[in-house]
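Following: one structure in structure tokens, then a few remarks.
Chain nomenclature is as follows: A, B and C, assigned in order of appearance, with residue numbering initiated at 1 for each chain independently.
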Amino acid sequence: MKIGLEIHVQLPTRSKLFCSCATSAEEPNSSICPTCLGFPGSRPALNRRALEMGVQIAQYLNCQITPTIWFSRKTYFYPDLPKNFQITQYDSPLGTDGHFHSRGKRIGIWRVHLEEDPGRIKRVGKSGEEVSLIDYNRSGIPLVEIVTAPDMSSPDEARTFITEILVELRHIIGTTASDEQTVRVDANISVGEERVEVKNIQGMRHLERALKFEASRQAKMLEAGVKVVRETRRYDEERKVTLSAREKETEEDYGYIGEPDLGTFDLLKVASVLTTSETPLRMAQRLAGHYVVDFDKAKQIVITSMAMAELFERLAEKVDPELAMTWTLGPISSHWGSIEPRLTEKVIGDVVRVVSQVADREITDSEGRRRISAIAAGECPEDISCAVEDTLLDSLISQYLDEHPNVVKDYASNPKASNAVIGHVMKASKGKYNSQEIVEAVRKEIEKRL
Amino acid sequence: MSCLPTADKLRDLNERYLAFSEISPSLEEAQGYPPPFHFSAKDNLCAKGFQARAGSRILEGYRPPFDATPVAKLRAAGGVLLGKTNMDEFGFGTFCTNSGYGIPRNPFDLERACGGSSGGAAAAACMLDGHIALGVSTGGSISCPASFCGVFGLTPTYGRISRYGLIDYGNSLDKVGLLVRRSEDLRRFLPIISGADPKDPTSCAQPPLRLERKSIRTVAVPKQALQNLSPEVEEGFEHALGRLEEQGVEIMQVDMPSLRFALSAYYVLATSEASTNLARYCGMRFGVRGGSISQHYNDFFTEVRSEHFGREAKRRILLGTYARMVGYRDRYYMKALSVRQLVISEYQNVFGRSDLVLTPTMPFVAPRFSEIEKMRPLEAYQADFLTVPPNLAGLPHLSLPCGYADALPMGMQFVAPHWEEGRLLDMAESWSKGFQFRFPEVCR
Amino acid sequence: MDVDTVRNVARIARLRLSPEEERQFAQDLEEVLAYMAVLDEAPSGGEHDFNPVPVHDVLREDVEARDVDADGLRDSMDIYQDLVRGPRLS
């Protein structure tokens, strides 16, 4: 089985691709203007941020960036298309010949380009006689289209691929959950020789079902010795089946011409100032490889939070990575809601120290958990006061007691034996701590050693 | 300052000459406070308070809620918009006989055409002293009517003037320009309507407008421009060349072989772009409403379009659709793009040796309506062979009245390098010195 | 340019022509295309300049703005319950 996908994702810009209308609106047909309605006399102007986002995506997917790009008109007639042509990129995509690794499999990326969305049709009336009612709020919304090679071999692989791409896009350009709901996929699927296109699958929910249905449909036909017709189909969400797309009967000749109103764009210049920090999946791949941990677990962490992944890495640098993984996915994760907002360098240090102490068997597992809870609650875990200097106090006391073990023995019969320790620490710490603190800490440490 | 014509006078004139498709309803009010100037806008330029029908029945009722930028600029400068001028449907025509709303008649002779497609604009500029008429040129639609109506027609460089609010014919070819009686009005109004406009990205590539005065020393006349001319134009042009030489201008003859491809390349590009621009006219959202929504959308669209587009519009849509279809696209559309670059290079080459290029504007004086009716479509297209080359190349050009044959005006057309409108204004002014402009009786 | 081609091109352009129109346009376009055959003699190159003057890198900042009131735009369309009415889809 071969599956190739054309994925359309909305770019999270403030304004539309070719006009300054807001990309979100409350009422239908409220975020509209002459340009996105195609009124005579209107004119497009390209959104800089949309272009940059498109380039970042192409770069991330390891594409060859096209040095000079332009836009084209794709002409066809449909009620949701205000100009009856779509401004898209026909023969100059942002990038070509890229790839993406999903579950260890290399998926080829043929091209990445920008285009505008048409309006949204709500069909009304009984089937076979549907009048159209249209909301043009979506007309002109910026979309990136990612076209893959037919390198996926199952509906499951296709679903995983898209899920993973979306995780990455969240990080690269800031797509949100609602952008992900509006993802639209055209899938090319061939079980045997003939390729069938299933167009306009809306949202992740329907994708796997649509592909599974179509794969099964083709398989059944082949089994029965019936030839699969090469055609375009659409997915019916209610009946959960793919249907032949009767609406676009004959092949449209889109008659592409260049779009003179926009001019050309130097992408190498745009690309040179764009940087993207390490994306979640790339980080998961790196962590799994470098620290020899399970990729799925690493992926779980990065998807929960990049900050958690960074914390995991700090832990893995100090303790056995497996232990770091257990503690990250365990106590840290369960308290993550409280820890994340408090996450400072100091708190990170505290967490790392707790887990290190567990690793060194200085404290027990359950004590470690308790201390993580304390950190999450914003308290100071026992034996660690809330200043980094505290290690000095501890180490001064410990060191003296290590060198003078008889103090502990003497203390059993005479508490005043601690005075020697107290005096020493006071002198050595040069007034950093008040006497109360020192007395307390000395007493605790001695009693611990008893 | 020129007098504002009264509403009555304007309506009387318009009944005879049909220059205007719509006249301002508030002219009477404006009488009380005479404006610094009055202007008109070709009906493909949007203006609030007026319909914008671009000479087409399919746009009946379209009231744009915005001003085209050049209109807004003239309004901001204090001008009063007298009305919208008649034009060939969407700009498709050489004689302004393809209008859905009124075919303007030449102020010099009622039986003759004004030229197109800015025919109404030229008639208005001719008839009303001091009037500033905004026109639009795609393949010569400012030059041609300027020539037939005996006025100045300035077509600036492509991209000099914002096209925001201009109803498209060909996006890489359309230019807004001026038709006026007096050369000083060109110098006065060109800076007002020029300038980068973020709403039209193609207007944002321009260098500043430089209008310092310099005298024109050499002018090149391509030999390709001296063929297929009527005897009147041939004679008139020769006479005009003589006058130029007397004024101290050197005339040199040049050979521009790429010009023979220009007309074809122009019609391919213009109709290709137009056939996509006109796809939006389908009976939904603006203009004429379609029939019944219980029709399938393809039938709904087809019916409205077939009923409301004129014949020439249909012809150009067919030609333009064909030229970009799979299998023909390389031979026509792609080739035409190459030819445009070829023509531009050839002009640049000639400008290395001369300040301006000069040809007659049209191969004949204003034809009679009866003669136009007999023309085959190809014949009408071929009449543009002199105006098309600078339009294809996006070069600024000026048609000015250079003579009269049997009281009918004829024009000659100067072409300057990209962005060098200043040279054209200089030529307009030096030519005007001592030239006996003639205007018809109606204009007094 | 025969009548069948004209009919096909008209269909793509959503134009319905009478048989008389089909014949007439076929003839008109035949003449025009015959003239345009001169393009075959011209050299190729420069096919990706879509404008006669360079128009490069003109970008609009990603800010929301509204110039024209949406109400005015809605007034010109056939609106039913905030949606634009259009023809049948199938």
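Convention: a residue touches a chain if its C-beta (ideal position, glycine included) is under 8 Å from a C-beta of that chain, and two chains touch if they have at least 3 such contacts.
Owing to the predicted nature of the structure, the values given are computational and were not obtained by experimental measurement.
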Innermost chain by mean C-alpha position: C
Contact-richer chain pair [A-C vs A-B]: A-C
Distance from chain C to chain B - Cα centre to Cα centre, in angstrom: 21
Approximate Å spacing (C-alpha centroids) for the pair chain A, chain C: 41
Centre-of-Cα separation between chain B and chain A, whole angstrom: 55
Touching two or more other chains - residue numbers and ranges from chain B: 62, 65-66, 172, 198, 201-202, 205, 275, 279, 282, 284-286, 293-294, 297-298, 301, 321, 325, 337
Sequence positions of chain A contacting 2 or more other chains: 34, 37, 39, 45-46, 77, 79, 129, 131-132, 253, 255, 257-260, 262-263
In chain C, residues with contacts to at least two other chains: 12, 14, 48, 50-51, 54-56, 58, 60, 67-68, 73, 77, 84-90
In the complex, chain A residues that touch chain C: 13-15, 20-22, 27-34, 37, 39, 45-51, 68, 70, 77, 79, 92, 119, 121-123, 125, 127-136, 246-247, 252-253, 255, 257-260, 262-266, 269
Footprint of chain A on chain B - complex, ascending: 45-46, 52, 54, 59, 62, 64-66, 68, 163-168, 171-172, 198-202, 205, 272-273, 275-276, 279-280, 282, 284-287, 293-294, 297-298, 301, 321, 324-326, 329, 333, 337
Chain B-facing residues of chain A, complex: 34, 37-46, 73, 75, 77-79, 82-85, 129, 131-132, 253, 255-263
Chain C to chain B touching residues, read off their complex: 1, 5-6, 9-10, 12-17, 21, 25, 28-29, 31-32, 35-36, 38-56, 58, 60, 67-69, 72-73, 76-78, 84-90
Chain A-touching residues of chain C, taken from the complex the two chains share: 12, 14, 48, 50-51, 54-68, 70, 73-74, 77, 79-90
